[in-house]
Structure formats: C-alpha cells, structure tokens
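Two complexes are shown next, each including subunit A; its partner changes from subunit B in the first to subunit C in the second.
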Partner chain A sequence: MIGRNSLFGPLDPAPDAGYTDAPKRKGFFTDTSVCIGCKACEVACKEWNDVPENLFEMLGTSYDNSHSLNANQWRHVAFIEKPASKPAVDLGMPSVGAPVSEVHEDDKPDFQWLMSSDVCKHCTHAACLDVCPTGSLFRSEFGTVVVQDDICNGCGYCVAACPYGVIDRRRGPEGDPKVGIAQKCTLCYDRLTDGQRPACAAACPTESIQYGDVEELRERANARVELLHERGVMDARLYGNDPEDGVGGTGAMFLLLDEPEVYGLPPDPVVTTKDLPRMFTRAGMAGTALLVGAALSFVRRRP
Partner chain B sequence: MAEAHPVGFQWVVEAQQRGAKVIHVDPRFTRTSAVADKHVPIRVGSDIAFLGGIISYVLENGLDFRDYVVNYTNAATLVSDRFEDTDDLDGLFSGFDPDKRTYDPTSWQYDVEDGPGEQSTAQADDSEETQAQRESAAGLQHEAHGMQVEGKPRRDETLQHPRCVYQVLRRHFARYTPEMVEQTCGVSQADFLEVCRAWTENSGRERTTALVYSVGWTQHSVGVQYIRTGAILQLLLGNMGRPGGGVMALRGHASIQGSTDIPTLFNILPGYLPMPNPDQHPTLTDYVDSIRNPGSKGFWSKADAYTVSLLKAYWGDAATPDNDFCFDYLPRITGDHGTYRTVLDMIDGKVSGYFLLGQNPAVGSAHGRAQRLGMANLDWLVVRDLFEIESASFWKDSPEVATGEIVPEECRTEVFLFPAASYAEKEGTFTQTQRMLQWREKAVDPPGDCRSELWFFYHLGRMVRERLAGSTDERDRPVLDLAWDYPVHDEGALGTEGAQAWGEPSAEAVLKEINGFDVATGRPLSSFVEMKADGSTAGGCWIYTGVFADGVNQANRRKSRHDQSFVAPEWGWAWPLNRRILYNRASADPEGRPWSERKAFVWWDPDKGEAGEWTGHDVPDFEKTKAPSYRAPEGSEGVEAIEGVDPFIMQGDGKGALYAPQGLIDGPMPTHYEPVESPFRNPLYGQQANPTRKQYRRDDNQLNPAPPEEHSDVFPFVFTTSRLTEHHTAGGMSRYLEHLAELQPEMFVEVSPALAREQGLEHMGWCHVVTARSAVEGRVMVTERLRPLRIEGRTVHQVWMPYHWGGGGLVTGDSANDLFGISLDPNVLIQESKVGTCDVRPGRRPTGAALRELVTDYARRAGIVDGVHPRVVTASADAQARSLAAAETSDDDQEGQ
Partner chain C sequence: MSGSTDRPGSGAEVQHGGSPGRSRGSSRGGDRVMVPEADFTSYYGRPIVKAAPWERDIAYYLFTGGVAAGSSLLAGGADLTDRPGLRRAGRIGSLIALLLSVVALVHDLGKPSRFLNMLRVVKLTSPMSVGTWILTLHAPFAGLASAAELVGMLPTPWQRGPVRLLLRLGRPAGLVGAVTAPPVAAYTAVLLSDTATPAWHSAHEELPFVFCGSAAAASGGWAMATAPVAEAGPARAFAVGGAAVELLMAHRMESSMGLSAELMHTGKAGTLMRASKVLTAAGAAGALLGGRSRLLSVVSGTALMAGSLCTRLGVYEAGMASARDPKYTVVPQRERVERGEQVRYQG
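Entry: the complex of A and B
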C-alpha cells in the first residue's frame, strides 16, 4: 500500500505500513537543556538489550568515551565544551561543530558544557528500511524501525542509506553471535509490547529523555522551547520535530542549545530514498528512450 | 551533585523547572555547573572565607531574619568577658595550650546569671579533656548531643550588648569583606555579591534556601568548621527547621547515614551513644550520667533507658540489674583507634588482624602507600567484596611491589578473600541523608558462594560461640552470653538441617530487634519514650524505635507521592518517629503560627486536644501539648527546661548555636585557616592552618612545606580530587564491569589551558603529579572547565583528578589518593583529602625503584628531612602566651570560688 507520501513528506508511518489498528506513534523527546551527562541511558540500554562493550579507550573529546552511535552503542551522550567568549588560547582539542571564528563572541554567554543523548531517530521515512533487501528491518506497529537480527544477512545497504550514520554492522567483540549484523536502537520494542517505557527513558534521572506519543511529545517540545525562550535561552531550538523536513519528521526529536552540527547532527537530513520515484521515472524514461532509440536504429536500417 | 548524585539531582532539576535558582560553588566546572544558573569557581580550601564573607554581608547589612534569630538562636546570649577572638590572638582563640595544641574552652562559655560562677562544672572542660576528646573524635558525639547548658545565661534581646553572640559574631566576621573574599578565594566581588544577594533575597518568611554539600566538603583539616559556617548562615537567615531549607549532606554511599546511626565507627555505639572508656566510665551509672549530665536541659535525660535497652538487645537474659546489664562486657576505647591511627599502627606492627567489608583503602583512603604497607604487615586480613579488589591483591600487584617495598614471597599477611552479595542480592534497609529508612527486597539470589554481610557475621559469631562453648574463661563470657539467635530463611536447596546450619538470617528479625520490644511480651515498641531503664525493654538503636511500630515494617511503605501530602510521610520511615524535618518547631513563629502560608509546615492549634496541640504536615518535632507560651519553672532541668519557644530541643538551651561554647575542639566559631598544604600564607593572621588538627608526625607521613616554612615553591600547584559519575569511589563496583568501565577507561588529570602551556602538557599526552608521598600519572585533559585564579595578587593553578583507579579491574591506572598525606580534622578525625599542593610534569612517571628516587629528590629540594616536621602552631609567641593566660586566669578564678 504505497501512498502519496510514502517516501517523502508528512505521514503516520504505521498505518502507511499496513497496520490497521496501530497504536499511536511512539517516540522520544530528548530535552538536552536538562541533560546532566550521567550516561545512565547508555548503560541501561546496554544492560536491557545485551549490547556488548564498545571500546575501552579514552578519546579526549571531553567526557565522551563512546565516540558515536554504532552497533555497540545505541545511545550516545555527546559532551561539547564551548569555549568562553574570549578564549585565551586555542585548545587544539578535537571538537565537533562550527569553527569558533563563526561565533559572535560578544553575544554568547560564558563557557558552556553541552550534553546530549543521541539515539536512532526512527524516521517517518526510514531509508534503512526502504533499502533493506531481506525484510530484516521493519516498521513496527508503534511506528518505530526495528532490526530482526536473525533475518539480517549483513549486506550493509542500510548503513550507507541512513542520513544520520546511526545504523551499523557489529564489528566485535570476537565471538559475539551478532558480529556482522546490522544493529541499532529498537526503541525497546520488547518493552513497548509489554506496556513499558524504553530502558533509557526509565533510567534518565532528570527526564531529559521523555518517551510517549509522538504527537504529544511534539507539543511538549514546542511548549518547552517557548518557555526557554521566555527565560532568555534564545539558543534553544527543536530538531526533528518538523513533519515537513527531509525525513518527514523523526520519532526521536531533540531540544538543542546550539546548531545541530555542534552536537554532531546533520543540519538538514534528507531521506536517501527521497528521489527514488523520480529516479525510477527518469531511469525508466532513459531506459525507454534507449529502447526506443535502439528500436529506431533498427527501424532506420531497414532498407 | 549531578556528578556524584545524579539520581538525587533530579529534584534540583525539578526545582529549577519551577523557578528555583541553582548556584554551584566549586573549584571546577562540573556536570552540576553545566545546568546550574550560576557557577562560581573558588580556590580549594577557602570555603570558610567565602561563607564567612556572606555571613558578614548578612550581619553588616542587617539582613538576618530577626524574629527567628532573636527567638530561636543564641544570638542574644552573652559570652564570658574572658573570651578573646582570633583577631586579637594572631589566629588563636583564648585558652590555647601550645604544648597539647588544644583549647581550654572555659573562656568561651556563656555569661551565666545564677550558675556557680561564670562556668558551671558541665562546661568546664580543660585542655587535657579536650585532648582526650580529640583522640576519640568526640565531635561526633557532640554533633548529636548538643551542648550542655546549666543555669541561666544572660541575654540581651536587643542584640546590642557588645558581648552578645550576635555582636561577637559580627566582629569576628567583620574582616571577611568582599575584597578579602576576592583575595583569598579568587572569587570576583561581582560574583560574590551576586551569591550574597541571591541567598539573602531567597530567605525569610516567604522563602527558604537549601545548602547542599557532598562529603568532599568535610574532608578538610577544618571540615567540621566548614559545616558550622554553613549552619550559622542558615540559622541567621531562618533556613533551619523549615521546608525548603536546611543543610543537606549528600552521603558518599547508599547507606552511610545508616552506618553512623548504627555505626561502623570506633567511638560511638548505636543511636550516638558514646563508646565507653575506662577512665570516665567505670560503671553504668558514670557512663549514663556523662551523657545525660544531671541538672542540664534537653532530651538526653533518658540516656539510661536507651543504654539499658541496648545492653538488653546485646545480652538478653544475661543482662540484669545486678550485673549493670552487662555494661562491663562492652569493649572500651583508650584513645584514638581511628582508621588512620590503625593503619599507622599496622606499619608499626601493633595490629595483627583486619576486616575489610566493602571498602578498598588501597585505592580509596588517603596516603595509599601507607595503607598498603600497613596491610602488608598483618597476620591476617579478611576482605569481603564483589571482586578481588586492590586491598586484597596489594601483596602481589601494588605499586610497592614494583618499587620493591613489598616482596610477594615474603609478605607476611595472609589474605582471606570472601565473595560478597551485592545490594540486589540481599534484603535489608538503606538509610539515606534525610534519615529515611527504605526497605528493599532481595531481587535475585547471589551467585555461587557470595553471601550477605548479615550471613557472614551471624555464622561467624555462631561458629566462634560453638568453638568457645564450655569455656570457663571469664574473657569468653561476653561472646557466650550474647543473645545470638536469629531466625533463618528456609532455603529450599539446603534442606531444613542445612538451613539451620547455613541459612540466610532474616533481616526483618534484625530490624525488629533494632526497633526494640517489650521483653516480657515481645511486643514491638512504638516510640523510644516507651524504653525503660529497668531491663523490661530491649532495643538495638533507640532513634530507630518506631520503624517496626505495630509489628509492621514501616520502612517498607511505598505509597505513591501522588496519593499523599507533599511531605509523603507514608513512603519509608524516617527517624526519629517518622519526622521528615528535624527541629520543625522552627517552621512556626514564637506564637506557634506559620511564618507564612507559603511556608506553613508545623503549627500550634489552640483548639485541638484539651488545651491545644502541635499539628501540621509533618510529625511535630516538639512535645505535642507544650504550648508556645510555656516557660520553664525556676530550677527545672531535662525536658521540662525546654520552653515553648525553644525549637532546637537537643541543645541545652533549646537554641540554634550561632556560637558554640562547647563541643568543638578548634574554636567556638569558624575562622579561616589555610589547608595544611597551601602555597599561600594565611591572609588574616600568623596562625597558618588549624592549630588543633590531628597530625601524625612521622617520617612516612611527610607533608609538603607550606608558608611560613620555606620551599613551598617546589610544589607550586593546588590539586583536588573527586568522583566521576561513571565510577563508584574506589572503583570496586565499577572498574570491574564492562558497561561502566568503558565509560571512563583511563586515569586522567584535568588542567587549564594556561597551566598546560606553562608546563608543556599536551592534551591526551601523559603527565605525572608529584607530592612528598608519591607520584601518579595520567592522561592530560586540557579543559577550560578549570581556570587559574588570582589569589593574594598572584596566579594559582588548580589541578583536578578523579580517584577511581588502581591496579585491578578492566581498566587500570594510578590512584590519586596516593598523593595525599594524613592530616586530620580534630573534631571527627576525618582526613584532609580534598586539597594538597603538588608539581605537575609532562610525560609518564618513573617506575620501580626510580619512583621512590623521584619522590626523595623532591623531598630533598623541599627541605623535607627525616625526623624534622614543620611547626603546627605559627601564631606569634606573644599571642600564644596571651591565649594560654586566658585559660589560666579562669582556672584560678574557679578555684578561688
């Protein structure tokens, strides 16, 4: 059942995928303005989903030693140290985001330490799902995107398709049965079917990670950003809450305190399969033209 | 708080959402600062100057909550005319004995109208007695017992008399100006005044401010006085005994409050009863009288009932009136048996065996090398932990093995490592910082041979008693006469017989015994008021009485906060008697009306009961029917002497102590002393650091020189340590688990960009930090979260390290606590392990014997010589003589009367 917006534009994904009595779409609202960087989400996620260790290496990117979202890291807390308005020295530290020179220094408050727990966005239009040849990735009745690791053949198409760089094939540790298999956040599908919250949301002490109906979360996010603006936090902005954006809005939206790039998020993600219909049309046209041309060439040769 | 107490921090975030302003004062920018409204960086070890500055701001501008201060604190009480302050005595208070390095507090006392002269007997400690109190960390006892006041101290309710506490305090803190704070703490005057305004504007009838600290605040040679400064400020602003106020200690572990209530400390028994010593407490009567002080006021007058009930809980039927309820069976203390003294005694070969339970001193205690060398010189060591922690493996893999100081083949200590059950694998209670007990069920069986501490000690006791059975030796009686029978859970796998022999004892049965019961009927007591001194009741901890009221485990209550009042009295159970805020009588005005509707908590209802009753949202911390208008009859004592306007019922005068005439070994008021190791001279007076601190002057505990000694420039930087969210203290519960260990996999050292430049340190390169004790290495973390401060006209760099690592676990590293020496607060013998001086150098530290050579070389350059220890008393000779004379004068006077 392919609708008008099945690949791009606003949509309620579960009914679009064919569920008739789907519950309301579920998702996350991560309010980074109250994140304290405790990483309880990372740990709770790994404990519940039996995700093995990622790496035992100090990275030097502030307190982030998890690096990024990957097959062994389904929640990732970014730590960004924003220099004070007049830095005495270039720290030479690896950092994500816009170069310091672009910041209008006088407008900025003093030193800031930003923290944000990133996760799979559970896109309205999920490119990973669109390209999966085995049906391992599926749209759940909650509107989320879930991998079935017993079906995945490890082809890796989804890895290239994700505009956020979330989904990844597991590389280790050696002996892990899921090495080679694509892995990412399931929004705790097994907990949801049991009426429970995802593990990360349950563990978050400050309610930075909120779980609920996407529609309601969008309203909550709008109210929160308005409140922060009233309190003078003009940098507060939402990310992923717009159904008109490149992925049709996400199931996991964020309240950020700076540009998305600062947190390592793409500023304007577009579902990589957006152009499929057009590409098919054009490819079809080109193919037809080719065929027609070829046919014509025979036609002309006829004496 | 967000770093070390992320779960509790949710309430701060919630308060912030509702409009509360959060101010974070910390040497470095932490996760707490990240979400706080204001971060104020401060020089480590200068907190008394900072808070003293706020106190001065309050007093000089008349911003105190005057009705509260006059009625509920000792502001109006007059102090003896013999009292002399630090400003006049070069940093000493009157009564200092330079030989003993303790005070005779006689001259600190109240000016009493009708007493036997100015100082009554209960108050007349001399410096010798104070010395004994320091040895036994008696401050812990005073903390709970309050001061003894006899007779009627003179008062001036206008607060104008030059000797009233209010004026004494004002003069004392007058030097703590914004300029002085800036020079001493490195806090700009603008920042400082912003904190002053925020704190004072948010205090009063309509609003209250909470002061929250984590226990690193106590780990200073003036730790107790830090807390005192905070308490004085909160009293002046009327923030004690009221909702939203208070001084909140965030304890370091889930049940550390519980482990002082039912103590793991050498100097107190359950319920803050002191541990007896043979000199002062030859008999039960002497012991009880020393606690209740016949003739003085307050709630300790029933100490006999609490003590006898405890003895009945210990020795059951064997405890009878004829044998003083087995009082002689109690062990006695003869002086300092604190953890640091014990470790040094181990090095000296005076200790043969040691138990470690859930503690990892090889990593977690100050002066790690001394800890490990001590443990390597025992006959036996029992370690019960979740993993083979460094305190169990030191003999084969500690840094001292690398240096050759411990030789595994020759180490005489026999280590017994027992696998312990974790909190989810056993039942029992946690007592948190609000004094609330919360029962928890066992979630899963512990794996393999892991067992609870309760199991271990019950069966150890059972086996020792079996071994001693039939002994006629008198010294075995205390063990053989113990009431040592607890029901055990029927564990299917063991069968009935096995359960008797090896089953898990019922923790609920133990809680029932702690609660107390009527000996004849077994009926659980509902309140400690029911405890008797005749042996008809037993109870393991009088302040916990009521936790099993009506035979119900009250700690197991789990009524949702949405289904009850905002005080949530039916969630868990708080001692005493389920009161959620102590001294909550202070939440009402002198007439018993709420200070404001907004802050109504407990009030007097004249229409309730026969002649009025205290009522409100919380259980009133006051005699229910004692009217606000009640005044004590002449000559009354004990509870009767507490008047209707005396909310601080454990204090001898019922008043909050802005000035403490007794109970503190280092002075009646906090005053700024430099940390023992500091690059700066004390800006206020000649006395550099706390003159009464406990100092073990030994060659294996050398300290970095501090002014006025020379060569402090060899260790030019200040360092401090604390926890990371990702790890748990000494790492026993985090470094051995992959999901936690990977979050912070390496030891690191945080430095400011300026220090990095100065010392040639590269981000993510290596550096090592050196003190007179050791050198530790870590990766360099260059961050603006640390910034240099301007102190006394020069720049000081502060260095920060987490202290979680050791040689064991999935992630290993050097232990920051190896850097600290042992200097202790005199009141409670806590170590100064949050501030020291150091050098920081690029590159890795030397290993093996070269490590000791490096440290020795530093010591040589710093002028540290074996057998020579820097002066502790640095006040001028003249000031010392005058301070001593103040004590002698008063002694003579007393004898003359």
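Entry: the complex of A and C
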C-alpha cells in the first residue's frame, strides 16, 4: 500500500504495510535513568533468541565488553563514565531497603555512570526494510521490523542503510547456520504472537525496559521526563518519541540523560529513503544524458 | 563467503581504552583538510552507522557495470551506422564486463546460493531490487548480441541453421541492449546513495552524473583501445564527453557534500580520486589529440579505463571511511540540531 507518507512523515506502519486488522503498535520505552547496567537484558535476549557468542575482548571501556549492537548482540548495555557534575538526585530507583550510606557526600566517588540498554529502534520508516531486495525484512502486524532467516541472501544492503548501525550480517561463529545472514532484534516476535513480553523487558529488574503499546509508552515517557525535570534532572530528554522526526518516530524510544551521541546514538537520524524519489530523478536525468550523449557521438560521423 | 576471516562482531573497528566525551576529530590521512577539525562527542570513538559489509569487488562491479552499459550503447550505434569493427569491440566489451559483474555480485552475497531470491519481489524502494531487474532486462539482450558477434566470427560454412537465426537476432537484441543500458550505468549511484553512509548519501545529487560520465569514458576508452582507429571516432567523442562530465560533476559533488567531502582528498580515497582526475584528463587529451594514432589510442583508452576504475574505487573507499569514523555521522547532524534545523516532517 502506498500512502502519502509512505516514505516520510507520521504514520501507523502496520496498516501502511497492508494489515487490515492489526493490533496496536508495540514497542519499548527504555528509561536509562533507572538502568543499573546489570545486562540481564543482554543475557535474556541471547537465551531466548539463541543468539551466539559475540566477540569478547577486554576493551577497557568501563564495564562494556559487548561494544555494539550487531548480528550477535541484539541488546547492548552502554557504560559511560563521566565526571560528576552535581550532587546525586533521587531518581526514584526501586529500593530493597539497603542501609543508608554513612559516607559523607564529599567522600563519594567523583564520577558518575550513565548506563543505557540499546536496541533496534523499529523505526516507523525503516531504511533496512525499504532497501531489502529480497523481501526478507518485513513489517509485522505489531508494527515491528523482522528478518526472515530463510529468505535473506546476505546482500548486506540493510547494514549500510540503517541510520543507527543496528543490523549486521552474522560473521561467526563458524558453522552457525545463520552466518552470512542479516540479524537483529525481532522485538521477540515469537513471544508477542503468544501474548508474552519480549525477553529483555521481562528480565529487566528495574523496569528500565518497558514494553507496551507505542502510543501509551509515549505518554509514559512524557510523564517520566516531566517528573525528572521537576526533580531538577534537567538533562533528561526523550529520544525517538517524535512521530515527525527523521524516521517518523521509533517503536523503541529512550529517556537519555545526556546528548544522544554520548550513548553512540545519532543526534538527528534520517531515513535514507526520504530522498529516494530525488535520487531516482537525478539518476533518470543522468541516464538520459548518457543515451543522448551516445547518440550525439555518432551524429555526422561517417566512417 | 565474504568477511569470513573477520572475527564475530565488529572487531576490526573496536577501539581500546580511552573515555567517552569530547574528542578532537580523527586525523586519519590528514594531509589536506578543508574543514577545521570538528569537536564532537562519541561513544569511545566507535562508529555509529555500520559500513556496508562488502568487499572491493562491489567497487569493481561499479566499474564493470559502467563499461558494460557504455559498450552496449557504442555497439548499438556502431551497428546502425555500419561500423563492424566498433560494433565488435562494443559487444565483446559488454560481454566480458557483464560476466565479471555477475561474478562480483554473487560473490559478495553472504549466502551466494540464494542469489535468485533477488527475483522473488519487485521493490521500488530498494535500488538493489530495481538494479537486479534492470540487469535482468538488459543482460540477456546484450548477451544475445554478443553471442551473435561471436558466431559471426566462425568460418562461413558453419553459419547455418540456428547459427544463422542467432546472427539475425544480433541487431534487434543489440538495440534493446543499448536502450536498456543507461539505467545499468545510472542505478549504481542510487545504490550507494540510498544508505546511511555519510559520504555516499551526501553525494546523491551529482553521483549519477559522475557514474554515467565515468561509464562513457571507460567504455569509450575500451573501444578506442580495441576497435580499428578509422571506425573509433564516435568512441573518442563518447569518451571525451564522458570524461568532461565526470570531472566537472565530481568537482561539483565535492563542493556540495559537506564534511565528508574531505575524505575525497585524504587517505586512500584521496589518492584514488587524484589518480582518477589525472588519468581521466590525460586520457581525454590523448583521445582529442592523438585519436588517429593506434598507439596513442591504446594508451589513452587504457588511461580512461584506469581513471574510471579509480573514480569507482575512490567513491567506494570514501564511503567506507565515512562510515567507520563517527565524526562524519555526528558532526553534520549535531550542526543541524544546533542551528535548530533538525529534519522534521513539514505537513
């Protein structure tokens, strides 16, 4: 189905993809202000989806040795160490009744952590899906973007198209049947169809990862950022919640405590296919010029 | 299977140590920087967008695809204007280039055995799908014309029955091949530009013209080097025109693509783009001045082909470098945000 906003603009993706009786769009709201960096989401994702080992190296980059989202890493917890700028604010973390700290405020460590569990954004306008030449990537009835393993031929086009660098072609381990195939988060498609939450959201002990209807998650995110602003956390901001942004808003949105690029996220991502009509127009002009140029080369030249 | 020697994950790009935060932009290459070094933030210097998981054979395909398209056009024109030598050079050039193209394309898939999955959908939002169908339309006709050319070289007594039929199909097939050739040369620009790779996407206005010019220069060069000098006049004109368009539009492209234009002047891509300009200009000058000399035709034709190959490799490498360094993703986007010009839907 081709609608006016099919390439860019606010849209409900499942009906646009042709579903007539689609359930409400599903997604994540990852509230990084309550992420404790436990990586339960990474583990739960690997266990449920049978995602093989990632490259493990002692990177020396804080507590992050899983380094990026890729074909073998569908949830990735980023650790950012930065100098503490102001006294800690109570973010409303769930409490299990730990003893009150007796350390004096001045003696506490002079740095702070930002932790964030990154994931596929399940864009409203998903470049990976747009450019896939085999139809392996498809829009599910939940408005999510999923790879069909048995169709992907590993052309790798989606890898270069994603503005967030999420999807990748699996490179190992050797012998894995999905080596050579594009892989990424499916928002646990097989759990959603059974009315279950995605594995990462189910495993998250602080409810930093919340799953639900995108519409409702947007409201929850707005309420949360307002609350944090009231409490003086002015750095709190939402990412991916605007249906009028460069990718039409994302199914997986985030509450961040610093600029997006600090977390390895692009500050103003745009779906590349927004410019596709223009690109084809320019290519059409260039191709026509080539044909005319060839014809002119033969004009008034007799052998 | 490409990339099989890599370790799982994006090991090649992982940077050790350091802390996130403000950093001076990377100075890789760095012999000639046009824009002041940008101050930007990243996550431990790791890339944001991923580079296409392709090998250099995709860059070679950009070249062979251009040669195939231009050669089909020249062969068609030569056939209509009764230049058998030029027609033969064009058709054989087209055949060789198409065969190399298919090998490069299939080899670069993660699952080469599933190559035909490309044909299960027609998808206008995917330049790769559109390109596959363009090739599917063009290649059989161009191939048929080339086959007719080859059997035409058989001894006369063999040219009977089905062979005669094939000979008679040569002209119509060759003309269909010629008409379907320009999209083969032009779509590869869209293929690269329709990605999040900064240097490729930001070049989308001019890249189709650079690639079409490059296709004309390379195929004209091939025909100059292989066709009889007396018949190669149109090939020389085609090559010179193509070289002029390629040089002019590459220049415009570099001034319109913003920050990632600096990659066209530095590092591996910079070297290739400089070589491309020298070779293309020299080849075009040789075609203009010495086109009637056999030796000069071969030399300048070869220079034009080498120049075209360097253009394709240069654009390819610039894109790869722009994806590996987060600077080219973050800085232009951050500047838009600072100016209050985020990309937003306008009614």
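Methods note: the second predicted complex is superposed on the first by the 253 of 303 C-alpha atoms of A that agree within 3 Å, B and C clash if a C-alpha of one lies under 4 Å from a C-alpha of the other, contacts with A are read in each partner's own complex, and residues count from 1 in each chain.
What we mean here is this: a residue touches a chain if its C-beta (ideal position, glycine included) is under 8 Å from a C-beta of that chain, and two chains touch if they have at least 3 such contacts.
Bear in mind the structure is a predicted one, so any value in this text is a computation, not a measurement.
Enquirer: Should A:Ala84 be classified as contacting the first partner (subunit B), the second (subunit C), both, or neither?
Expert: The answer is first: A:Ala84 touches subunit B but not subunit C.
Enquirer: Look at the residues of subunit A and decide whether subunit B or subunit C touches more of them.
Expert: Subunit A has more residues touched by C than by the other partner.
Enquirer: Once chain A of both complexes is superposed, is A:Thr288 in touch with subunit B (first), subunit C (second), both, or neither?
Expert: second
Enquirer: Applying the touch criterion given at the start, work out whether A:Glu207 contacts subunit B, subunit C, both or neither, answering first, second, both or neither.
Expert: Once the two structures are laid over each other on A, A:Glu207 reaches subunit B alone.
Enquirer: Once chain A of both complexes is superposed, is A:Thr124 in touch with subunit B (first), subunit C (second), both, or neither?
Expert: It touches nothing on subunit B or subunit C.
Enquirer: In the superposed arrangement, which partner chain does A:Thr250 touch: subunit B (first), subunit C (second), both, or neither?
Expert: In the superposition, A:Thr250 touches no partner, neither subunit B nor subunit C.
Enquirer: Answer with first, second, both or neither: which of subunit B and subunit C does A:Asn153 touch in the superposed model?
Expert: A:Asn153 contacts subunit C only, not subunit B.
Enquirer: Could you tell me if A:Met115 is touching subunit B, subunit C, both of them or neither one (first, second, both, neither)?
Expert: The answer is first: A:Met115 touches subunit B but not subunit C.
Enquirer: So in the superposed three-chain picture, is A:Phe298 touching just subunit B, just subunit C, both, or none of them (first/second/both/neither)?
Expert: Touch partner of A:Phe298: subunit C, not subunit B.
Enquirer: Between subunit B and subunit C, whom does A:Gln183 touch in the aligned arrangement: first, second, both, or neither?
Expert: Touch status of A:Gln183: no partner.
Enquirer: Check subunit A for residues that touch subunit B in one structure and subunit C in the other, and list them.
Expert: After superposing on chain A, subunit A residues 52-55, 57, 60, 81 contact both subunit B and subunit C.
Enquirer: Name, in rising order, each residue of subunit C that touches subunit A in their complex.
Expert: By the definition above, subunit C touches subunit A via 1, 3-4, 6-11, 14, 16-21, 40-44, 46-54, 69-70, 73-74, 76-78, 80-83, 108-112, 114-115, 117-118, 120-121, 123, 125-129, 132, 178-179, 181-183, 185-187, 189-190, 193-197, 200-201, 204-209, 211-212, 215-216, 230-231, 233-235, 237-238, 241-242, 245, 323, 326, 329-330, 333-334, 336-337, 342-345.
Enquirer: Okay, in this complex, where on subunit B does subunit A touch?
Expert: Residue list for subunit B touching subunit A: 2, 6-7, 9-10, 13, 17, 29, 31-35, 724-726, 738-746, 748, 753-754, 757, 763-764, 779, 781-785, 810-811.
Enquirer: Would you pull the subunit A residues touching subunit B in the complex into a rising list?
Expert: Checking each residue of subunit A against subunit B gives 33-40, 42-43, 46-47, 52-58, 60, 62-63, 65-66, 81, 83-84, 87-89, 91-93, 111-115, 205-207.
Enquirer: Over in the complex, which subunit A residues touch subunit C? Could you list them?
Expert: 5, 7-10, 52-55, 57, 59-61, 64, 67-68, 70, 72-73, 78, 80-82, 127, 130-136, 151-157, 159-165, 167-174, 179-182, 242-246, 248, 259, 261-270, 272-276, 278-280, 282-291, 293-298, 301-303
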